[in-house]
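First chain A sits with chain B, and in the next complex the same chain sits with chain C.
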Partner chain A sequence: MELRSYIIRRLLLLIPVLLGVTLFIFGITMMFSPTQRAMLYVRDAKQLADLPAVIERYGLDQPFVVQYGTWLGQVFTGNLGYSKVVSQPVSDAIIQFLPATLELAIFATPLIILLGILLGTTAAAHKDRPLDHGTRVAAILGWSLPTFWLGLMLLMIFYGFLRGFLPPGRLSVQIDLLVNAAPFIRYTHINTIDAILNLDGPVFLDALRHLVLPVVTLSVVNVAFIMRLMRSSMLESLGKGYILTARAKGLAERVVVNKHARRNALIPVITVSGYVFAALANGVVITETIFNFKGIGWWAWQSAINLDISSVLGFALFNAVLFVLVNLVVDVLYTRVDPRVRLGQGVQ
Partner chain B sequence: MTDWKFTARQLVRNPLSLLGIIIIVIFVFIAIFAPLIAPTPESHQQRPYMIPRDGYRAQPEPPSEDHIFGTTQGQYDIFYGVIWGTRSAFRVGLVVIGIVVVIGILLGSLAGYFGGIVDEIIMRITDVFLAFPALILAMAIVAALGPSLNTVIIALTVVSWPSYARLIRGDILQVREEDYIEASRGLGASSARVILRHALPNAIYPTLIMASLDIGAVVLSAAALSFLGLGAPEGYADWGQLTSFARNWIVGPPGDPLKYWYAVTIPGLFILFFVLGWNLLGDAFRDIFDPRLARR
Partner chain C sequence: MSKRLSKLGWIVIIALLTLALVAFPACTQTGEEEEEEENGGPAIPYKNDGIFVQMTIGEPETLDPAASYDNASGEQIDLVYETLVDYDRGAAGDFVGQLATDWVWNAADLTWTFTIRQGVKFHEGGDLSPEDVEYSFERAMIYDRLGGPTWMLFEPLLLAGEYAGLTFADVDATVEVDGNNVVFTLADAGYTLIWLQTICGGWGSIVDKEWCIANGEWDGTEADIPNHYQQEDGTTYLWTHMNGTGPWKLNQWEHGVQFKLERFDDYWREPAPFDFVISQLVEEWTTRKQALLAGDADFVLVDKMYIPEIEGVADLLKIKDLGELAVTSMFMNQDIETEDNDYIGTGQLDGNGIPGDFFSDPDVRKGFLYAFDYETAIRDIMLDEGITPPSPIVEGLLGYNPDASRYTYDLAKAEEHLKAAWGGQVWEKGFKFTAIYNSGNDMRKAAMEILAENLFEINNKFQVAVVGLPWGTGMVPLLRSYRLVLYACGWGGDYPHAHNFVAPFMSTYGTFSKFMSYGSAELDATIEAALLELDPEEQLDKYYELQQIWYDDAPAIMCWQPTGRRWFTKYIHGFFFNPMIPGDAGPLYYMSKSAS
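Moving on to the complex of A and B:
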């Protein structure tokens, strides 16, 4: 099968999944009575006094299918409802809070991948020696760590004990004023990138200082995961015939490990990028909550504890769509990287 | 059965899995003997899972004779909370894994054994649930149903069953074409009998064991939800909630920044060790069951 027709087929397969996702999300809202759902539309006291009119206006007493159709139409035009905690439409809230989360991801993702691959390779190259056992224990410890607790412990040490060295939040108060004032242009709302574009050293350093702990907290579990995966993939690759050939040719062990074994061992690691995305999406909710880092995770948490259903469900829907698309990209990449994978077959 | 003896010997020989077993046994012990380790005060007998309070002041109090682990925000006794919290942890873990395994076996074997349209429908349903990052879906469900320990159990069940259904489907697919299945069918056995007597027993033991070891992961997610304020009601003996009580007391007063260290450290260590115990055991089992990952 050709690549283009493969992608088209995969995109078509997304339709039932996304329909199912929307049906599920909508099904949850339908557990509430029309009156309760009318409350989600209420923005002022006047409307509150006349709930039946709201129900009438938005057709909240119509049959399930009709309401689902209406709702789906709204979702397609980007209308995900109204977020009460931040008093703006859910889609606007996502756009407003996304840059902060992207900033975390921009730093965490390369860290997770590079560190995971490096440690995994090292562990495999030192199989059954102390270094291997050490990283094994570290990995098990890493994915047993409650992220939220790790974050609090880091704050206790690096913020409390070291007197404000690495603080929570996104920027210090003075820097935040600076960033929102005239000469500073907010191109992307991603602080570190904006600071570079404005050639502003102090802002950059301040943003970086606030990023260290959340990025570390977000990365630990995933580094452990990638590392173990990389190790077993490396071990498999090291047992292959071409490694024997490379060694027989008299190549240095470093070259054998880094060039011959590692390149082939990377393939399975690509397939788990989708998993890493999901882990990051889950992780930002906890991380941003602990560090008061106001991204979409923080907003989702605020919405959840205030039982702001439209926001929470909008957030879940947004993540599901992203996750499905990420998985599609990963599968396509996989077929590019490994020519042995036959389109439409090996990829499920 | 020599197989099992062999497995057991391997587990005990490996220092890491042995450590895992010891940790789990200690937690089982704590859960069973909670009423003896941390007796419920007379005034409190009706609700043993609610942590007794010693006053209502916000500020945590350091470990003392009355409260050996100190008290956390709101004067909840940390020792009582972590001991009885062990029971809460086991309850959430066991109930969720129990339900999930039953659903997984049911739908997984239906899909794997019958294939075709049944398989297609069940798998497309799992696709829908797997399209969400798990914790985010769980959070949405809890927020929609209203936070409580039971909704946490429901939410974690909803987000975890699809992967088990898929695993068990895969196991069944592997044995479906075996001769003994064919033979049994040839002898006129009903589908239910073939699945229950022949396909399942030969296919799913490794999956079942791995599933039971996921208790650690389930407890970790439940603790995260509780920490976020989407779990047990306030004052309920629950590790995640105890950790969240400490959120406002991470940094002590100037000059004594680590003053309230016990409030955050102790509940977190209980979660860490509990999850660690199951993961150590899980890691050893993974080596035993998956020859591809085995340490050659």
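Moving on to the complex of A and C:
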């Protein structure tokens, strides 16, 4: 199948996916009574008297079909609704919060994958030896650590104990004022990328300094998964006949492991890596909250706990699109890593 | 060794080294002189000269003064917009002029006349005029945002609670321009003081009429009212844009992250003391605390439970015993809806439940009031940061009676009343029900548990389960359907007048009294009489009388009136307390920051 038609087919698949996801979420929110949903507009006991009027004003007592239809109609006109929790249109909220999350994902994903591959390869190459056991224990520890605990510990040590060494937030106060004023141009709102595009070293370093702790937190927690996957995939590869042939030819073990076995062992890791990126880009609530690195995960969490239905639906749409696109990219990557794979047909 | 490393290994090592290189200079980047304090840990470095940074937990809901009714929004509005008059520092009944230079009361025709200050500029360049003042109040009233603060304007001006039922002519007649003056006509002389207090709030902010109209707001005509009456949230231009006359102007609102104000250079008074005021939304306490200790924040919100963590830090400015105009109570519903109610057990006085009118017997209520350990609550829950008010008229309000009768913790008296309740049936059979607090509020939970344990101690047939429910999705629907049995809730003042506390607690239409089925036409008349009384002595007597009625009726347990604290770095100066200033950081225009 041609690449273009494959991509079009996958993108068309988005339509039923989006309809299904939003119908499902809308259905769940309808299980709450109009009064419960109206509480989004009433923050204080003092405003309770206006609850019936709020329900009427926003049509919260309308039938499910009417409310969903109204929302869908708005979406078709490009209006995703209003996010009450952050007082701005949903589309603006996505645009505002996505760069922070993307920045985390952009830095954390390669680190997670590279470390995972490296440790997985090393563990497989030293199967049942101390190095293997050591990496396994480290992996289990990393995987088991509660994110909030690890994050708080890192924060207390590297920010608190070391006196502001690696601070939370996305930028320092002074730098933040700088990037939001001329002549600095915010091309992407991803601070490190914008700093590079503006050729601004201090901003780049400051942004990087703020990224260290959240990226390390995410990496420690997630690297174990890739590592274990890589290890088992490597062990499978190392047992194959062509590895025996390579060794019989007298190739150095380093070459056998790194060139022959690892390349073939990477295929499952690519799939999972796509999901790791998607999961990170989808928002990491605890990390974003602890390090005050407000991204899309924080926003989605706030929306969910406040029953901000427009925001939750907007996030769901974003999420569905993200996962479909990531799947698409992973599929295309397969064909590059393994020439036997054909789009839409599997392994030939 | 290097021969054994693959390319990938080198990439990882280089990546880690890069991180270390980035981090290392940061270690020495502060450039601040650090000195070790003898006690309380290392010194907090001085950072961000000319910038006030606060970390708190409230995101503004709106920047529209006519819509704002939450503390976080009010705080930003207070820094950007100005009102005609303001409280004179901490006083509740003394005022200083802001956009008015003079204000005169005329008892004969019930008018307040304000002379408007000349030479005041809005941030966008417009000049302040009396027409702006008239427009600001009229706009607030015709907009009448659902759940908004405008009821406070309607009551003194029109004896109404909302725009519905009124005409534009009604509203228009209440505020008129007369040369350089603006004249407000009140509905009753009893509102004379309340009016001044009311317009000190953010809802009394003055906006630029021309700028508003140019940006699609109400055009000032009756014909345009339908387009703006109760507009949907988020749809007014002023919801996200600001143009006031205050010392700071809006720099950037990064929703959910931070709110930045910058100094307004054409301000009519002395320039603001800070170039920037930055309010960051930081929900995580550890992050706020570390930022304060690192000098990255000048002020952070400290919840009571975390006070011990920073109590010993020597390098902080700690201000204590600030009497907040707020109160937390436990309300007893005297007419509980029994149908589909999971919180009253069997719904009978049979030892496994309670009937809907369980609390209608005064002996039950008084038994409960005597069973609550007020001192323990203040000491253990509030960490000695609070006092026990005798009634809704809390300390600091006009009308507060320090010698008012009050309930104290007395299990013998509690037993006496509970033995008498329901002709002795309560004592004999016992009761079982569920008390509700809003989940997450551990202080209210602890207060309820104190009550429940004491009741059980009196008689082990008295069983109260304490359950937390989410405020919006759990408690409110139950409250509105009268299904809550005993619930904890709090109230914060809109203006420092007893009426603002008596009405919600004691009137038939009150926010709390309504949902505990408390109040009567007679009591409403007494409340109104107190409000409209012109003689200060007589008015004081009437509020004292209301406090006695509260004591006699015993409708709710007054748990505590908080006394707040503030925590700044030692570089912040000039704080004074006024409970009516929205937000916690205080009167920033009068404050400063310096390394000295």
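Please note the rule applied: the second predicted complex is superposed on the first by the 243 of 348 C-alpha atoms of A that agree within 3 Å, B and C clash if a C-alpha of one lies under 4 Å from a C-alpha of the other, contacts with A are read in each partner's own complex, and residues count from 1 in each chain.
The rule is simple: a residue touches a chain if its C-beta (ideal position, glycine included) is under 8 Å from a C-beta of that chain, and two chains touch if they have at least 3 such contacts.
Only a predicted model underlies this, so the values are computations on that prediction, with no experimental measurement involved.
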item	value
Partner chain in contact with A:Ile117 - chain B first, chain C second, else both or neither	second
Touched partner set for A:Tyr159, first chain B, second chain C, both or neither	both
Which of chain B and chain C A:Leu3 touches, first, second, both or neither	neither
Which superposed partner A:Ile185 touches (first chain B, second chain C, both, neither)	neither
Contacts of A:Lys84 with chain B and chain C, given as first, second, both or neither	second
Chain B versus chain C as contact partner of A:Val137, first or second or both or neither	first
First, second, both or neither for A:Pro16, with chain B first and chain C second	first
First (chain B), second (chain C), both or neither touched by A:Phe24	first
First, second, both or neither for A:Ser232, with chain B first and chain C second	first
Interface residues of chain A shared between complexes with chain B and chain C	152, 155-156, 159-160, 163, 289-290, 307
Contact set on chain A toward chain B in their complex	16-18, 20-21, 23-25, 28-29, 31, 127-128, 136-137, 140-141, 143-149, 152-153, 155-156, 159-161, 163, 232, 235-236, 239, 277-279, 281-282, 285-286, 289-290, 300-301, 303-305, 307-309, 312-313, 315-316, 319-320, 323-324
Touch list for chain A against partner chain C, complex	32-33, 35-36, 39-51, 53-54, 57-58, 82, 84-89, 92-93, 96-97, 110-111, 114-115, 117-118, 121, 152, 155-156, 159-160, 162-169, 172-174, 177, 180, 205, 208-209, 212, 254, 258, 289-292, 294, 298-299, 302, 306-307
Interfacial residue positions of chain C with respect to chain A in the complex	3-4, 6-9, 11-12, 15, 19, 22-23, 25-27, 30, 34, 42, 45, 47-48, 51, 53, 59-62, 69-70, 146-148, 230, 232-234, 239-240, 251-252, 254-257, 260, 276, 278, 280-284, 286-287, 289-291, 293-296, 471-473, 476-477, 479-480, 489-491, 494, 504, 511-512
Of chain B, residues touching chain A in the complex	16, 124-125, 127-129, 131-137, 139-146, 216, 220, 223-224, 227-230, 240, 243-244, 246-247, 250-252, 257-258, 261, 264-265, 267-268, 271-272, 275-276, 279-280, 283, 292-293, 295-296
